[in-house]
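The two complexes that follow have subunit A in common; it is paired with subunit B in the first and with subunit C in the second.
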Partner chain A sequence: MADQRSLPEETHTADPFGSQPILHEVDSWWKIRLTLMRRSLRENWRIFRRSKVGVFGLVIIAFWAIMAVMPTVFFATGFWNPAVYDPVTGLELNPPTRTMTMVERITDPNTEIDRRAVLLDGRIPDTLQIGDTFELPRQPAPPDGRHWLGTDPLGRDVLSQLMHGARASFFLGILAAVVTVVIGTTVGSMAAYFGGIVDAFLMRLADLLILIPGLAILIVIGAVFTFQLWHLAVVIGILSGFGGTAIVLKSQALAVKVKPFIDAARVAGGSARHIIFYHLIPNVMPLSVLYMMFTVTAAIQSEAVLSFLGVLNTDTSWGLMMNLARTQGYLLQVVDFWWLTIPAGLSVTLLSAAFFLVGRGMDEIVNPRLRRR
Partner chain B sequence: MVRYVTRRLIQMVFLFLVFLTVTWFLLYILPGDSVALKYAGNPNIPPEAREVALERLGLDKPVLIQFRDYMFNFFQGDLGVSFNQYPRPVVDIIAERLPRTLVLFLAALVTYYWAGFLAGKYLAWRRGNRGEMLVTIGGVGLYSMFLPWFAFMMIWLFSVLLDWLPLSKFLDPEQWRDAPFRANQVFMRLFWVTLIASVALFASGFIARQTRSRRLGRTLRWGGGALAVGGFFFYWYGVDSGQVMRVYAGDIGFHMILPVLVLTLINFAGVMLLTRSSMLETLREDYILTARAKGLPERVVRDRHAARTALLPVATSLVLAVATVIDGGVITEAVFSWPGMGEILVSSVLSEDIPLAVGAFSFIGILALIGHFVVDILYGVLDPRIRVTEHG
Partner chain C sequence: MSLVRVEGLRRLFPVSAGLFRRSTGFVHAVDSVNFEIGMGESLGLVGESGCGKTTTGRMLVRLEQPDEGRILLSQPDGTDMDVVELRSDQRTEFRRQVQMIFQDPYESINPRRTVYETIAEPLLIHRIGDLSTREQQIREMLRKVGLAPPESFMFRFPHELSGGQRQRVAIARALILQPRLVVADEPTSMLDVSIRISIMELMSQLAKEMGVAYLYITHDLAVARYMCDRIAVMYLGKVVEIGATEELLANPLHPYTQALLSAVPVPDPALPPPEVRIKGGIGKAVNPAPECRFVDRCPQAADVCRTTPHPPLEDKGGRRLVSCHLVEASRH
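After this line comes the complex of A and B, so read on.
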């Protein structure tokens, strides 16, 4: 194995703890733990780095993390004026204009306008005569120096919305993942450790939750309650934590449960709680971190779909940007109004793909059988 | 085994009851009611009419009585009457919509599982070359593609820019104006003919694999394939009942191309990655080494020794995918205005048509339960190493 071949190099590095037994420095147990953790982290990073796919994903996540922080920097330094660039209430007051001519019958809708349209549009003085020209403000405006990705139909900056959307996605994805992992590991380990009735109950509950069609039930819940972003995160976390994740982690915990050190802990008088939280869960943790990544992907996607359908009650999100483009009828004008649909759609795709790729990279750490021979 | 199956069946029935109860109450507490929604826009309707409507729909009784009635009726095959399409029975609506969803999604499922399995097999076999990372990243990119956005981009590309395919809907109303059939008759015919042809195609391939002689295998594979495809076309062009329907079936098929293409592009990567992982695990087994040591050709080792074992998780995920077909249809059907079960699910929930919504949900539940059950049994059948133990 490649791992073994590179091991000798590892012992020659300047690692203060690597070349000598850890127990030489008898300090306190937590220092030893910390050292062990650091070592395993470094080792895992080495394995992770070899999977180019995972690193690629990590780079994309880093990019979006920077994007999510940018608005704060821009607002703080005064580079962006909140009145113009705020993702919800911002408004570009001086949008680029386009010269229009009033005609009897429209032949080119981009430069001509008729009497009816003038009467319908409040922005145009209705004293115009046939043949007059005037400047019509363009809103959604294409990208220019002030708005790098243009503005949306309501005159708000698209780039700012995109950055705030990244923030919302990170918040939602990470919260959902944490809830999933906490519930999933606890439920899975408990089902594996206790067996019997506890196992049957928890696993049937998991079956029930798998039965429930995720998106449809989210729409139902969205119709019953006013749905905030963090509600959605918690609901996704619970559905996935008690459902699919618990089943997978239970099978992993079953494999750990039969290891001798569990028996040893039991013989030494460890309580069920102690064994579950100190022996079972730490050994199931790597796999659950893997599932965390997949939960993030799922959460980002569901949020986007729900906002796109208009069920979710959020301020800014990528799905909401698409929703606006859809309700205002710009969705199929991909060439003329590309900045309304492509950045948002691509962002959802990229960020959820990135978490998925990191998950794939972690798979190689968690699942040694996948590593290259 | 028998004991396990009976126990699972009893659990399934119990689970379904719980599922139905939860769904019923969850939908019942939806704010507002269907009758109020319907009459809100019309001030000329007297309150008495509202009372009558409530009484006619059975909404004036206490909640628990309504629930009891619903449950009793449900197990007699009566799912109630849709509020919005009064007095149409829910069973009738579902019977109309279900084939449309099934035809579309089964076509997509078969396409992307087949493509994904082939791609995954080669990906695992040629592990570590330059193309692998590209294919993986491209695959994951497609897999995590934001479905509504991607679907609209494809609609724009193929229907707006190139104008090759229809925008949406499942048929062209103009063409169907004086059609002698209802759309669903054509759907059912399409479904059965395609199913028979696919089974014939699969069977010929399967039998061809079992034969020792390579020549006979090849004859069987190509002959059987040609027979299945030929039979399919012969039905539409040669047989009278098929000839009459051909134009209409063709119209439906034409409207199916784009959704199937989108679903395939988005989903095939998932199957591909699953096959790859499963294949990589299989390739580490000793019997693969043995097969290689015996000097068997690469193709035989790959297709006969490795891919067959690697098929196991793929097959189970296929069964689960069939089980969750309706749920997956929610977005696709919304985007393509495909009037199927997913569309019912969303519209009935949003318009508070409780009987229809519960009916649709219960169908999802039944499909999913059967799917999980089949998967458990299938595991035991396909992989003798997995024994069904007492704890299940």
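After this line comes the complex of A and C, so read on.
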């Protein structure tokens, strides 16, 4: 980067090749494609880099990507014992304890079972008398050397859950974004290219989908069906792809459709399919990648809300961590049990914000009018 | 032998106005146009902007559908292909035979495709050759259009090329299928004056090499003179005069052609400025009255021009077709 920065800006734009032709010998098509892609990536990175929020977002995403990979590394190297650190089945067997004094023994007169002992998992020996002290396991336990972010009410490691939750969020966000982009670009380009009744039908459908209150419909679907994570991704993708994204991309495709190179393709004998996929879509792609970023944000947030409400059938996710804190009654004790809610909540906020910021940064590449000179 | 015969070609555009977009009439953009282009011949279509020359060109490549008339493309087997009503099995063949070069090289090439992809596209669509023969063909074509060495141009994007280089790419794309007719819609008007001549030279040289016929649309008589064997002059949707280039320019018969020629500046300050022979500007042929289209601006207009419909395009001797009541069929 340092050598690039030292050069004046004009050297990059005026002659991207230097004085040498890029390729003297065509040996492999893949190599050429790669060269071209690298070149355009470098150029786009140069523009992207100027947007501070975009780079900031990218740093956060990179951080979470590393977080998502870490559990695999920890388990593989034996740093983490799966029996203890597994996000779902893990259990800390030797939790920190605190010393308590027996004040009274409350026994249910009907069943003759010690109610407090039941609450504490029956770990109070019968031999204890009033006035004796005993060790009580603390679960959820606050952060210590073994569990950097403490454990949850079931004795599982919070950091491990957080890292696995990042995986779930990436999976969900990226799948939803891909579905959005595939549907949005195809629908938008088709509506723009064919016009007439196809356009009218697709656009009214888009209006309809915009009217649907997304979260409400997701809760209903979640209540009726067993809702897996990838179901959610597809539903969010369809809602966003068919709705707003399709409308925006259609307007972009309309602007491309009237360009003479579309006429040229027609004169060359190109079919509608050829023109849509070879000419229209590549030209609306930058904008759809931008919308992809915004979809990731929406998907991560909806997942958190749905998991929190408990309508999503998933093993680990940030929303689920908060859900557990809520069902176990720790939600309103943020000061005393902050490690149950704050890390998960902050993660949702940070990662969804990061994708939004990257989207803002890409806006400057896609939309030259926003570019600072 | 003629390659294309255009007979009674007509294209009307509805004009709508008012709150409910009521159709109030039709612009007669192209109105009963007849002409022929011979094998390997280059016909210039000259006229002011808005006279229908581009629409005519677009109808020839089926980018517009005519409302009336026929376009007949003669085939090597002696039959005629009706371009207006193509059978579905003729479409591919037609696309291979007729190509177009567009006016604006900055807009007529997909900015996201490399030069190679742009030129390979027609081959790809028509499934001609495999990867290596295609590449060979494209290299050869690039060399032909003066983009040498091909290796240094093939994988560039259009924004890395100059206007003239882009137009060369567009020419390569139009000629890669070895068409028989190319419609060139003012291919040099967007280019710098300094490179126009080289593009025109290239086009006429390639035409000779490959036996391509051109319909060369331009508003510039000097360009038409350089490029074309014959010139057709259009005015408000009508062809008013067709003739061999040098003859037509030396001795224009139609008053409009005469006016056009008198408007060409003469690079000699000693000569007096040419007298302005026509008045007013070009209008739009919305629901034209049954009179000569040119009558309002014609310096020689007579009664017959107002009372009879637009005169037909008639042979006035020596392959000169003129559409004017006042021109005598003089030279037989």
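Some points to look at:
Assume the second predicted complex is superposed on the first by the 315 of 373 C-alpha atoms of A that agree within 3 Å, B and C clash if a C-alpha of one lies under 4 Å from a C-alpha of the other, contacts with A are read in each partner's own complex, and residues count from 1 in each chain.
Basically, a contact is a pair of C-beta atoms (placed from the backbone, for glycine too) under 8 Å apart; a residue touches a chain by one contact, two chains touch by 3 or more.
Since the structure is predicted, the reported quantities are computational estimates derived from the model, not experimental observations.
When both complexes are overlaid on chain A, the residue A:174 reaches neither subunit B nor subunit C. In the superposition on chain A, A:282 makes contact with subunit C only, while subunit B stays out of contact range.
Using the contact criterion defined above for the overlaid structures, shared-chain residue A:349 touches subunit B, although it does not reach subunit C.
Judged by the touch definition given at the top, the superposed model places A:58 against neither subunit B nor subunit C. By the touch criterion defined above, A:260 lies against subunit C but remains apart from subunit B after alignment on the C-alpha atoms of chain A. Looking at the shared chain after the overlay, A:269 reaches subunit C, while subunit B stays out of its contact range.
Those residues of subunit A that touch subunit C in the shared complex are 16-17, 21-26, 29, 32, 35-36, 259-261, 263-271, 274, 278-279, 282-283, 285.
Contact residues on subunit B toward subunit A in their complex (touch as defined above): 11, 15, 18-19, 22, 26-27, 29-31, 127-128, 133, 136-137, 140-141, 143-150, 152-153, 155-156, 160-161, 273, 277, 280-281, 284, 324, 326-327, 330-331, 334, 345-346, 349-350, 357, 361, 364-365, 368-369, 372, 391.
By the touch criterion given at the top, residues 52-53, 56, 195, 199, 204, 207-208, 210-217, 219-221, 223-224, 297, 301, 304-305, 308-309, 318, 322, 331-332, 334, 341, 344-345, 348-349, 352-353, 356-357, 360, 363, 369-370, 372-373 of subunit A touch subunit B in their complex. Of all residues in subunit C, those touching subunit A in their complex are 61-63, 91-92, 95-96, 98-100, 102-104, 107-114, 121-122, 125-126, 131, 135, 149, 151-152, 154-156, 160, 170, 173, 177.
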